[in-house]
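For clarity, chains are labelled A, B, C and D in written order, and residue numbers in each chain start from 1.
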Amino acid sequence: MSARPALRVRDLTVTFGTARGPVPAVRGVSFDVAPGEVLGLVGESGSGKSTIGLASLGLHDPARTRVEGSIQLGDAGTELVDAPESALKRIRGSRVAMVFQDALDALSPYHTIGAQIAEAYRIHHPKTGRKEALERAAAMLERVGIAAARASDHPHHLSGGMRQRAVIAMALINHPDVLIADEPTTALDARVQHQVLDLIRELQSETGTAMLLITHDVGVVAATCHRTLVLRDGEALEEGPTKRLLTSPTHPYTRALIGAAPTLNTPPGTRLPTVDDPKPKPRTKARLRTAPDRDRGVLAEVRDLRVDYPGRRRARPHPAVKGVSLHVARGETLGLVGESGSGKSTIARVLAGLRRPTSGEVRFDGRDISGAATSTRLRRELSRYVQLVFQDPYASLNPRHTVEQIVTTPLRIHTDLDAARRRKRAAELLEQVGLSASHLSRHPHEFSGGQRQRIGIARALAVQPRLIIADEPVSALDVSVQAQVLNLLMDLREELDLSLLFISHDLAVVRHFCDRIAVLKAGELVEVGLRDTVFDAPSTPYTKELLAAVL
Amino acid sequence: MTRYLIKRVAQAVAVLLAISATAFGLFYAAPSDPALIACGPKCTSAQLAAVRTSMGLDQPIVSQFTDYVGGIVTGRTIADVDGTPIPCPAPCLGYSYSLHQPVLAAIEDRLPVTVSIAVGALAVILVLGVGSGLAAALRRGRATDRLLSGFNLLGASVQIYFLGYVLQLLLVYSTGLFAPPRYVPFTTQPAQWALGLLLPWLVLGFVNAAVYARLTRSQMLETMHHGYVRTARAKGLGTLRTHLKYTARGAAGPLVQLLGLEVGALLGGAFITETVFGLGGVGKLAVDAVNGNDLPTVVGTVLLAAFFVVVFVAVADLVVAWLDPRVRFA
Amino acid sequence: MAAVSVAHAFRRDRFGIVSLGVVGFFLLLSAAAPLVAALYGKNPTEHYGQNETGLLSPEGLPLLPNGGVSAQHWFGIEPGLGRDVLTQLLYGMRTSLLIALASAAVVAVIGVVVGVTVGYLSALVDRAFTFVCNVLLAFPALLFLITLGPVIQTRFVGPGEDEPAWMQFAVLILVFSAFGWVPLAMVLRTVVRSLREREFVEAARALGASRRHIVFRELLPNVWAPVLVHLTLAVPAMVTTEAALSFLGVGINEPIPDWGRMISRGSDVFYDDPTYMVFPGASLLVFVLAFNLLGDAVRDALDPHTVR
Amino acid sequence: MPVFTPRATAVPALATAAALLLCSCSAGAGANTGADKARNSTAAKSGQRLTATLGTAKDSQGPAPEIPGARKGGTVNVANEADFPHLDPQKIYAGERYSTSLLWGRQLTQYQIIHGRPRLVGDLSTDTGTSSDGGRTWTYHLKNGIAWEDGKPVTAQQVKYGIERTFAPGFEVGPTYWQPWLTGTKDLTEAVKKYGGPKKDGDLEAIETPDDRTIVFHFPQPQSDVPYMASQSSSSPVRKDKDTGTGYDVKPFATGPYKIVEHKLNKSLTLERNPYWKPETDSIRHAYPDRFEFTFGKAALNTAQEVFNGQGTGATTLTTKDKLPPELISTVERDPAKRKLVVSGSQGAYTQDLYIRNDRVTDPEVRKAIHYLFPREQARQVLGGRYAGDFATTLSSPAVVGWKKYDLYPVAPTGDIAKAKEHLAKAKTKVTKLTYAYPTESPQDDQVAQVLADAFAKAGIKLVVKGLQPGAFNDQIFGGEDSPYDLFLSTNSVDWPTPSTLLPLGYESHLDAVSNNTRYSNPQVDKELSRIAKIGDAQKKAEELIGLEETVMKDVPLVPFLYKSISQFRGEKIGGAATHPIYGVPALANVYVKNS
């Protein structure tokens, strides 16, 4: 480590000009990153972490953004704040490079990855010929684990992991002094995330590049960063070596942030700490039910379920679920785990009567409901007992409806309550999910993500269903909010004696929340069993692999 | 790709068939008898009947239609008013009894005028519309943007028949700044060709440019939000080059599609422009045919206009597919 | 986005406010045309220039300068017949607005019903719809409009009868609607198709909602923004198309005042009497400009992506 | 019956009529300002109406007398909005086309114009024809040295073939005189039953060609107007080997000074010199320019602007069909330089009248009422004031041989509503609604309709005005027997400047609507007409017909409106442009390009 840091940020303040006046996104943040060091910037959405990343490259729209303070680069201490565009152009991509979160979005769909990487090289080596640049690009692709032959592929032909590797290759082709990685692995499945993080670390330590890793995931920080800076509402809360920060955080927010996300060591079913309630009291009656009450009987089941998606044009149909048999017992919470494309959401939609199975049996309470997707009447009956909670709390609420309309819609459909009664019931429901009756007349966009998810839960509870299917209900939420929602769901489960089908890609959350676990891989059931059995003694290599990838 | 092409062509043929059937049915219901027009005002009823027979108007409309479509594919022989057989080789769009020539020949005569108008107008649209849209997007929110947007809004609001006359009278006949609008073949006098059509080009282009300016601007602004544009800048690419290489490419799709439609429509004849500037192109032919109740020419020009639209929309689709590999391989 | 914030966004748009004012002024004028004409003491059909001496030359051109602008006739008189230009403009605006607004209403109904339904329904319906749209888009609409008027007139009006005014209007409204619904329906189809993929529709299905409920209660409230934008921009488009038809000689017949016919006539006498073309031409320009500005302002207010 | 000898100088009656005829109506209109005085100078010219004399064999010898100052060479551009509907000589049937087709086509006789005066002389023929047998036989001899554009000589058989063609189907659009005359039948329908054209019935015996240069017509009944008919385009020769059927309508084969090089319908027509035309055979055509380039499709107003401003080819352009746009009249009046470029004059023997369907408006009192309420002044104002013509009181034009002025029901030009109401009160049945049809060719047509509706409304009659597409208008007004319209404005002319075609072919009750446009029916008139038809002496016949005209007009079958004037325009460099006194358009055969 040299005397001067590779990146030196002092009193950085970034203000956005909006229609409603200036809004500060970053307030007086200072930090250093030494060569070869990895600094983690951790925070929830709106904490300003990505803004710092963009400011370091001067990528903000100058017309709408004011950047104050100082960002200095390397030994020479080149000042980036208020530097002329021509100077920034020379620095971008050569001395400071960036890896963005969504590789599909970050790569041009119109050019081959080889050409895009070669371009990154040629911009800063203008004397290089096109051919030579392409050769270098191919070599760089090989280095990040992509066959050179694929250089002529367009991004949409690559898998998510490969795309992210390509983006990394592009960022590193000029051996930058500083690499800024903004949520580089968030969109990836756990196993791929692991691989990509390993790759970044490997390359970074190989070249001695200083790295700023921006993430919301404490797990990622723990696995990758030397030091960590915690951000909240644009301000730096706490900074220190990662290990110290994780084990003995000084700030309560840091503590909550670390504790909010369940890990594989968190006692299952316990109340999770949140920012408002950093040290929750243990539950009055801890749910440690590891053995399901078999005698309570099967509520919903699929047997030998096959679902094919019709192929585009005349292509062969693509199977999403290939012969899965599962059941949810009364009062039980079944966790459905798998990577993207494993068919878990399809199974949920079949059980909710939204998708017609290609073959196999689907029963609810002993009744065949496989035709619900095509029969409005049957689906209506089914929906009296089965309700869904969706992943995206914004998309699943009609933006043009008020909360009252949203929550009372199931009541209109399934009950003959009059408007006043429906309103009263809606108010009750809102109280039940931790909102107030005064929210009834508002629209969804006036709420935060967590509140919206509560509204979704209230809607699902309105007709007092017997089974709730929750499809990734917390994966779009910040960790602290995720904890709140999980806490709420656990409370409601106790109060209302609900049966749940809980779908998630996050093994730690599933372990924390569910009684029984089913593991899916590419449309097939890999393993199913009691929570502790699956987690403590996984019987298949795939499950083991999944567990190993959990950070 | 081959399958896509075949499907596209089949679709186009079906659309054209539907249009020709509609046009045929509609104009069949038109007010006065085409036979009477061909026969002249001093026509006796016996002669009229003979003319009707030779024109095939006594046949049921369905068989007239199938004859017509057959003629397009294989060509056919049409009887003139006096029974003289007139060969009409494929693609036969019928025979005009008012013009005494096959409709296709009449169209071929006027097509150079229409094509010339279209080419120039398109150039103006591209420069004025797409160009100012690009400029406005790159300088969004600034004076340039406002000025260009205002200018284009004016273009969108003004009418060809108002602007065309005013400019013609002011710039041509009062001051002589512009040459009087006329058509001379490009092949013989290219300079005169351009001079004679300059004013129609500018007017038609200006009036149509607004849509493109607006679309270009909004497409550019929308595409600018894409991650890959930011990536390009993060690589160290200059702002202008980024927008020309990445943003413009992403923004091009809808523009190309609209342009395809526009080119098709322009080639089908710019009715009002040709009327205002007294240029005898396909549009004027069509309007004259409608007024003169020259049924074969009306149907022919309708089909031609539709043909161009269908073809250029398809071409635009192919260009979009070429521009965007995601579409190409879908 | 709530209506409140839309109104708020709109209020901040100076051009929007001004254009709304101009459009409102035009609407008011045309609604109150008989009243204004009565106060002003002229009507749009009387041949003042022919019935009074000293207004028109033997060749039929206004004797007074500037198209015969005088204390009697504020905007001058029409060459030839000598009708009052101001009242002609007022009543001509009524003609334009009546046709445009009525067509817009029909277009809105057809476009919304077809667009939303097609957007929500199966692929087969969608294919049929796409085909119809392709046909209508490739159809030379203007040529069709020129031809259709006389066809309808001869089919439905006795030769010895006047074509009733309502029928002339109805024919124009009909033909405008016949083509006008296509773009709206296509836009809505796309909007609904993307809405359909949104989870709240799935959520409604999961709640057991019927198709009717989904189309009318869940989808419709989400399409009013594109509909509103489309219609504010469709009204000026229809006004100009109507004027274009009149210009080509197939619009509304004499003696019902009409802007397009005035411009057409004005283009003939522009050299000798530019005033007569300038008034309707400029009125149309201002009218359409105001409507386009209003349309833009509405679009901007409704569209969160717009960068001003 | 005395032998009619046209060669004997001229018929005295015609000679008197050849004097200048000044219409009395134009005075008094308009305020007496200085500008108006200037206007009157142009307008006065429009009142000149001339009739044709018959020329001698000597007059028929070429070349045509030189026009002082004329120069050979150059290209004349002719711009018209519309193309000629027909070029086939046997289909051409309108003054403007007659005049233009002189450039490439030649007929047996033709009008020679000297100092603006028309004289009928031999064209292909050595004279205007010799009759014998009381007008039943007419003989023509072709001049020497007349050739087609390929150098082959024009023969009598080719003239005969041309006339034979007029019997064939498809030629109804042309004039229909040869057919009944040569077959001795009532009308064309009857005539074609006897002889159906050369393709169907071969040789027409009524025309004899004893040798290549002599042609003899044999008419079953005496005919007095053969020299005039021989000047019609349908009396042009056609070569069998060049007869391309309908193609001949686009590009006929030339005998005149020019040949057609290219004809793009509705776009352009290009003429170049015919090397085989010899000026010494032609006393009518001058053929000064080297080329004529016709363009079609440009709006008259645009052409006018180019011509008056000398832009583009404007300086060498003139129009033969496009009239001076009424919109430009006052501009032209103001600017003497532009006024010079207006070519105006009497439009042949054309009259514009308000036609009344007598079978629909049967009560003469109602027709009289229409006569009184008709707002002539207002309607003419819309049409361009005096430029449109002079107010008419007679059925026939002053350009017709033997014309006499009469005014049976005098009325102020602005109409007399009170008088109209009086007559309406006298009518047996009360009329509250009438229909008026008009072809929508220009905005002026709409305006005239409004003027009429306004005036009729004042008299308590609702006038339903129907603008029709020109095609539909012709179809519905002239095509059917049961036209639903009561009134229409129409501009018409006798086919040649004698009265012999006007009443017999337009007001005889047995004629169909195509000929008898007003469906006029008066047994007394019918009787008179059949008596007059038997008169072989041209002069006596003319006098009798002019006398009968007043009887017809007492019944008000139509309302006389205007003796048409026409104003066209020419570029600054076009010389010799003057309105042809018979055809009523600038005579192209006399124009030249001035030295620059």
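Everything below uses one rule, namely that a contact is a pair of C-beta atoms (placed from the backbone, for glycine too) under 8 Å apart; a residue touches a chain by one contact, two chains touch by 3 or more.
For reference, the UniProt names are A = ABC transporter ATP-binding protein; B, C = ABC transporter permease; D = ABC transporter substrate-binding protein.
Source: prediction; values computed, not measured.
Q: Please work out which of B-C and C-D is bridged by more C-beta pairs in contact, and write that pair.
A: Most contacts of the two pairs: B-C.
Q: So how far apart, in whole Å, are chain B (ABC transporter permease) and chain C (ABC transporter permease) when each is placed at the average of its C-alpha atoms?
A: The answer is 24 Å.
Q: In whole angstrom, how far does the Cα centroid of chain C (ABC transporter permease) sit from the Cα centroid of chain D?
A: Distance between chain centres, rounded to whole Å: 46 Å.
Q: Starting from the mean Cα coordinates of chain A and chain D, work out the distance between those two points in Å.
A: Averaging C-alpha atoms per chain gives centres 90 Å apart.
Q: Distance-wise, how many Å sit between the C-alpha centres of chain B (ABC transporter permease) and chain D, to the nearest whole number?
A: For chain B (ABC transporter permease) versus chain D, the centre distance works out to 41 Å.
Q: By residue number and range, which residues of chain D touch two or more other chains?
A: 305, 469, 472, 476
Q: Which parts of chain A, given as residue numbers and ranges, touch two or more other chains?
A: Residue numbers touching two or more other chains: none in chain A.
Q: Which residues belonging to chain B (ABC transporter permease) are in contact with no fewer than two other chains?
A: 31, 141, 169, 173, 275
Q: Going by the touch rule stated at the top, which chains touch which?
A: A-B, A-C, B-C, B-D, C-D
Q: Spell out the residues on chain C (ABC transporter permease) that touch chain B (ABC transporter permease) in their complex, using ranges where they run on.
A: These residues of chain C (ABC transporter permease) touch chain B (ABC transporter permease): 131, 134-135, 137-140, 142-144, 146-148, 150-151, 153-155, 236, 240, 243-244, 247-248, 263-264, 267, 270-271, 277, 281, 284-285, 288-289, 292-293, 296, 305-308.
Q: Please output the residues of chain C (ABC transporter permease) touching chain D within their complex, sorted ascending.
A: Within the complex, chain C (ABC transporter permease) touches chain D at residues 47, 50, 56-61, 79-81, 150, 154, 158-162, 249, 253-255, 261, 264-265, 267-273.
Q: Which stretch or stretches of chain B (ABC transporter permease) touch chain A in the complex?
A: My answer: residues 3, 141, 226-228, 230-239, 246, 249-250, 323-326, 329-330.
Q: Going by the contact rule at the top, pick out the chain B (ABC transporter permease) residues touching chain C (ABC transporter permease) in the complex.
A: Touch list, chain B (ABC transporter permease) to chain C (ABC transporter permease): 11, 14-16, 18-19, 22, 26-27, 29-31, 140-141, 153-154, 156-159, 161-162, 165-166, 169, 173, 218, 221-222, 225, 261, 264-265, 268-269, 271-272, 275-276, 286-287, 290, 298, 301-302, 305-306, 309-310, 313.
Q: Enumerate the contact residues on chain A facing chain C (ABC transporter permease) in the complex.
A: Answer in residue numbers: 19, 352-354, 376, 379-384, 386-388, 390-392, 395-401, 409-410, 413-414, 443, 445, 456, 459.
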